[in-house]
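These notes open a run of structures that come right after.
Shared between the two complexes below is chain A, which pairs with chain B and chain C, respectively.
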Partner chain A sequence: MIKFLVEFFGAMSLFLAIAQLSSNRLNLSIKIYQLQSVFLSMSILFIGIATFEFELYISSFLNLLIKAILIPFFLFKVVEKIKLDREVSMYLNITNSLLFSILIVIFAFYISNKIDITGEVIAKQIFPLSLGIIFIGIFIMISRKKALSQIIGFLTMENGILLAGTSLTKGMPMIVEIGVFFDVFVGVLMAGVLVFQIKTTVESIDTSRLSDLKE
Partner chain B sequence: MGVIIGLQLIWAVVSYFLNLRFVYFIQIGITFINLILGYSLISKINNPQDRIYELNNLLFLDSLNSILLLVILTISFFVSVYSVGYMKRELKAGISEKKINEYYFWMNLFIFAMLVVTLSNNFGILWIAIEGTTLATAFLISYYRNKEAVEAGWKYIMLCSIGIGLALFGIILLYYSSFSVLGHGLQSLNWTNIYDVSSRLNPKLLMLAFIFVLVGFGTKVGFAPLHFWLPDAHSQAPTPISALMSGVLLNCAFYSILRVQAIINNNGYGYDTSKYLMFFGVLTVVISALFIIRQVDYKRLLAYSSMEHMAIIAFAFSVNTKLSIFAGVYHLINHAIVKTSIFMTVGSILTSLHTRDIFSIRGLFKALPYTSIALILSVFAITGTPPFNIFMSKLFILISSFKAGFIIPSIILMLALVLIFGGFIYHFLNMLMGDTDKGYKEDLLILLPPFVLLFISLVLSFYIPEKILMLINNIPEILGVKNG
Partner chain C sequence: MENIVIGLLQFVILVAISPFIKTFIHKIKCILRGQKGPPLTQAYKDIYRLFKKETVISKDASFISRMAPYVVFVSTLWAATFLPVINKYTLLNFTGDIIALAYILALGVFFIALYGMDQASAFGGLGSSREITIAGLSEASFMLIIFTFALQTGSTNIGEIFEKVHQFGISHVPVSVAFALISLFIVSLAENARIPFDNPETHLELTMVHEAMILEASGRHLALFELSSYIKLTIFLTLVSNLFFPVGFYKDTSILFIILGVVVYILKMLLFAVPVTLIEMGMAKFRFFRVPEILILAFILSLISLIIS
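Up next is the complex of A and B:
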């Protein structure tokens, strides 16, 4: 039962990563990310219940606090301050991105079949799911033009890595995990400040306009 | 070790609030104290098996990272001296004092993060510190707040974050393979622990972890095709920071890859890792050669040259014989010294002429005579002309790779090096020669560090101090060299 719940919430995270590809508003993207983080925390919580690891409860709680509350709050603030251009613009349209995401997920399952995962793993299917989330996150980063969408792509990828980490290894050691959370949080804050700097110098947050530095 | 790191961190915070007049000199003092502390630590290490632990085994020092520690501390000392002259000029050019405090704050945090990378025994903490270097330098790259600087900062933070994310995945895989042997907890991420039990780990999983780490940290080293942030970042950052990034940061990222490679070589799983390193090494040298020839911005040119040298170091380690690893480490030291010196001289040009365009600069010999002497010597040093030390290390690397039977890669490497030499001489002679009626004032504080570094470079090609030679000779055994 618990195994089912872990996999269910993991699968929901992947589903939301795909849904992220179909969102055409920055506000909606942030909300989807928020929900994905909640599901991720649930998945980590159930892994914790299954393995009796107390550290995973803390990790789940921190995840909820930082990624479902603090980071979205900050990103909403950024969107509010930027005011104009709220829609997501992309190099590849929604339909094609969704079709491409099918390939990504198949690829993730294919390569994780090649690696034999042995040892005490709670839910084997989590690994391909998290690989799928990582690849979709990278895909969002390269197919979106807006600076904020790229931040969300990075955060999606990071969620995937965290899911892979907890499912494979019952979570990294606590100090490391806190350090990773801290780095991600500070990274997002700094990226947010850079978004403001881009906004003031280029008058848009469209990164395809950042094209002065070329050979 | 804890003292050095702690001192650096405390000073980073203090330097943000202190009056600039004091910051200039205390900065030099602190980096000098750290250099002495570092040297006294290193003197305790004699054999390949010698390790000093500190802080519950979280920090450690062996022959490999003592070389890197020495490089970081030396370069940051010289950069601190140089920063005084450079920042005084920036102050005259109209940058506020607050901004310069900010500069010192981020630079010290940057050095702190690199020290943690070097001394950390724990892969988790190493990862956090490498991400720390990205965060500490992001605002330094966008320091001048113009359109180009912001663009470079954005590219840097995004590309490096992807790379570092992949590296984290690699480290998770490493942890997954080690915790079945060492058990759950912080100790299963300690390099020394993993290294000691490496023969019992799952080789396939280790290889997968290595590939993720290579691609991830390879982004920070600047291996082509992952290098796009590098020329932008190096050309936009303030020049002392460019020197630190080229000379030390790239080495730190490469060092992290080496640590994982050492585990796999010690695992006895053959030497497949070398193939990947060699591929990236040769590809990067070729690509940087092509970009150096058609470059119009001298700081970008130097950034591509950093890529080239990191790739040569990677090539040396991929050959994996005793001689080639010796040459690789030797080249790492040489590159750090010479690249810092050339960035410093170029900084003197930039603060006087305020342009980075190669073809709009003529007649530097008349306008800035002493800078020009430093520049021409640095150019000869960096391209590997005798009698400078880079010539020696490049020669050793090529000899070792021919000896080991890598004929075709070595020939490609040599051709690329010839192209790079041509590109350097063409571009820089173009700047130095010609006539001009302008003359500029030159600062002693800006020119002294590059001349001292060039002198060190000259000495190092004939004489390596015994202590350092011994440390370098210990490294092949740590990395698990193929044949004696």
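Up next is the complex of A and C:
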């Protein structure tokens, strides 16, 4: 039953990563990321229950606090400050990127069949799911034009890495995990400040306009 | 003989409960908005009132307009006779499987679209073209979900699929089940004209899909259309609840188990009606050109669930 719940919440995280590709507003993207973080911390919590590791409870709680509350709160503030610039613009349109995501997921399942994982594994399907989340995060980073969407792509990728790491190793040492969480948080803060800088320089957060020449 | 009685009982339960489910969804929406809402028997009263009224048909209407309400209603009832509710013996168990159910429902969609275009009203044609677009796009994901479960259970007979799913329990193939659940939920909302795709309550010209097609209908014809849309919603909810919440589907045919099955069935239907309500409360209707993107999302999810099953 616990194995089912771990895999179910992992699958919901992958679903939300795919749904991230279909969002056309920055607000909606942040909300989807928030929900994904909630599902991710549920999954980590159930891994913790399955393996009786106390540190995973703390990790799950920190994940909920930082990724589901603090980072979305900050990103909503950024979206509020940069008015009139709320649409997601992209190099590949929504339908095509959704169709591309099926190839990504198939690729993730294919290569994880080739990898031979030794040792005790809690839920076998969680590794290909988290690989899928990582690849979709990278795909969001390279296919979106706006700086804020690229931040969300990075965060999605980071969620996938955390899920893969936790499911394979029963959690990294506590000090490393806390370091990673604050690294992500500070990274997002700095990226948010950079977004304001881009906004003041080129009057938009569209990164493709950074390469335009100015007199 | 016993099997026929059970089949008839399941059919009658499904048809009898369907207006109640529709009113239940409406009632919860009203309560969440802070309104009082209609009494839970409102849909039965509406149908009764409409049956008593006179039917008016436009002078431009051909025989299609006289025929279509009955074809739509009969095809929906026909699909309902395939669907096991609490036991695997249904009335037409031996003649068709789950693929037949999907395409008999599609026959109803075809005739309702013809009815919309028949009376030479501009709204009707608009509604028909939208309905066919949505139905055509959601068809593929629905078939892929059916194939997912057919592959897992080794049969396309609905009774056997439900029985195997209930034997295994939900934790047999969890990952693909999660994707199939979301995909089937999106498809159900699209096929039944619920909120992200169409608003069943509005008669605003630009946004209606299902209502636009039956705008010209009145009296008995309108009652038949409304009743068949209620039954279609109940068919989809039954399918979702029996596939993803495997409780209350018994082999035993004693009276006690039948009563238990019916009670569990009604509770399950009310449970699965709640997410529909919450989505209708939390979301606005999508722009029509956004609908294909969401249906592509459903298609992708069903394809993933088929591949990793």
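Simple rule for what comes next: the second predicted complex is superposed on the first by the 211 of 215 C-alpha atoms of A that agree within 3 Å, B and C clash if a C-alpha of one lies under 4 Å from a C-alpha of the other, contacts with A are read in each partner's own complex, and residues count from 1 in each chain.
One rule holds in what follows: contacts are C-beta pairs under 8 Å (C-beta built on N, C-alpha and C of every residue); 3 or more make two chains touch, one makes a residue touch a chain.
Everything quoted here is computed from the prediction, not taken from an experiment.
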**Report entry** Room on chain A for both chain B and chain C (clash or fit)
**Finding:** fit
Report task. Have a look at where A:F73 lands relative to chain B and chain C in the superposition and call it first, second, both or neither. Result -> neither
Query raised in the report: Should A:F54 be classified as contacting the first partner (chain B), the second (chain C), both, or neither?
Result: neither
Requested in this report: Figure out whether A:V180 sits in contact with chain B (first) or chain C (second), or with both, or with neither.
Outcome: first
Requested in this report: With both structures superposed, pick whichever of chain B and chain C touches the larger number of chain A residues.
Outcome: B
Requested in this report: Identify the partner contact of A:M141: answer first if only chain B is touched, second if only chain C is, both if each is, neither if none is.
Outcome: first
Requested in this report: Identify the partner contact of A:T201: answer first if only chain B is touched, second if only chain C is, both if each is, neither if none is.
Outcome: first
Query raised in the report: Counting only touches as set out at the top, which of chain B and chain C does A:F15 meet: first, second, both, neither?
Result: second
Report task. Pick one for A:A164: touches chain B only (first), chain C only (second), both, or neither. Result -> first
Query raised in the report: Touch check for A:Y91: first (chain B), second (chain C), both, or neither?
Result: neither
Report task. Could you tell me the angle at the CA centre of chain A between the CA centres of chain B and chain C, given to the nearest 10 degrees? Result -> 160
Query - Minimum distance between Cα atoms of chain B and chain C in the superposition (Å) - result: 23
Query raised in the report: Do any residues of chain A touch both chain B and chain C, and if so, which are they?
Result: none
Query raised in the report: Hey, which residues of chain A end up touching chain B in the complex?
Result: 53, 115-116, 118-119, 134, 138, 141, 147, 150, 154, 157-158, 161, 164-165, 168-170, 172-173, 175-176, 179-180, 182-183, 186-187, 190-191, 193-194, 197-198, 201-202, 207, 210-213, 215
Report summary line: Within their complex, chain B touches chain A through residues 122, 124-125, 127-128, 131-132, 134-135, 138-139, 142, 145-148, 150-155, 157-158, 161-162, 165, 168-169, 172-173, 175-176, 179-180, 184-186, 188-189, 202, 204-205, 208, 231-232, 235-236, 291, 294-295
Report task. Name, in rising order, each residue of chain A that touches chain C in their complex. Result -> 1, 3-4, 7-8, 10-12, 15, 18-19, 22, 24, 94-95, 98-99, 101-102, 105-106, 109, 125, 128-129
Query raised in the report: Of all residues in chain C, which touch chain A in the complex?
Result: 170-171, 174-175, 177-179, 182, 290, 292-294, 296-297, 300-301, 303-304, 307-308
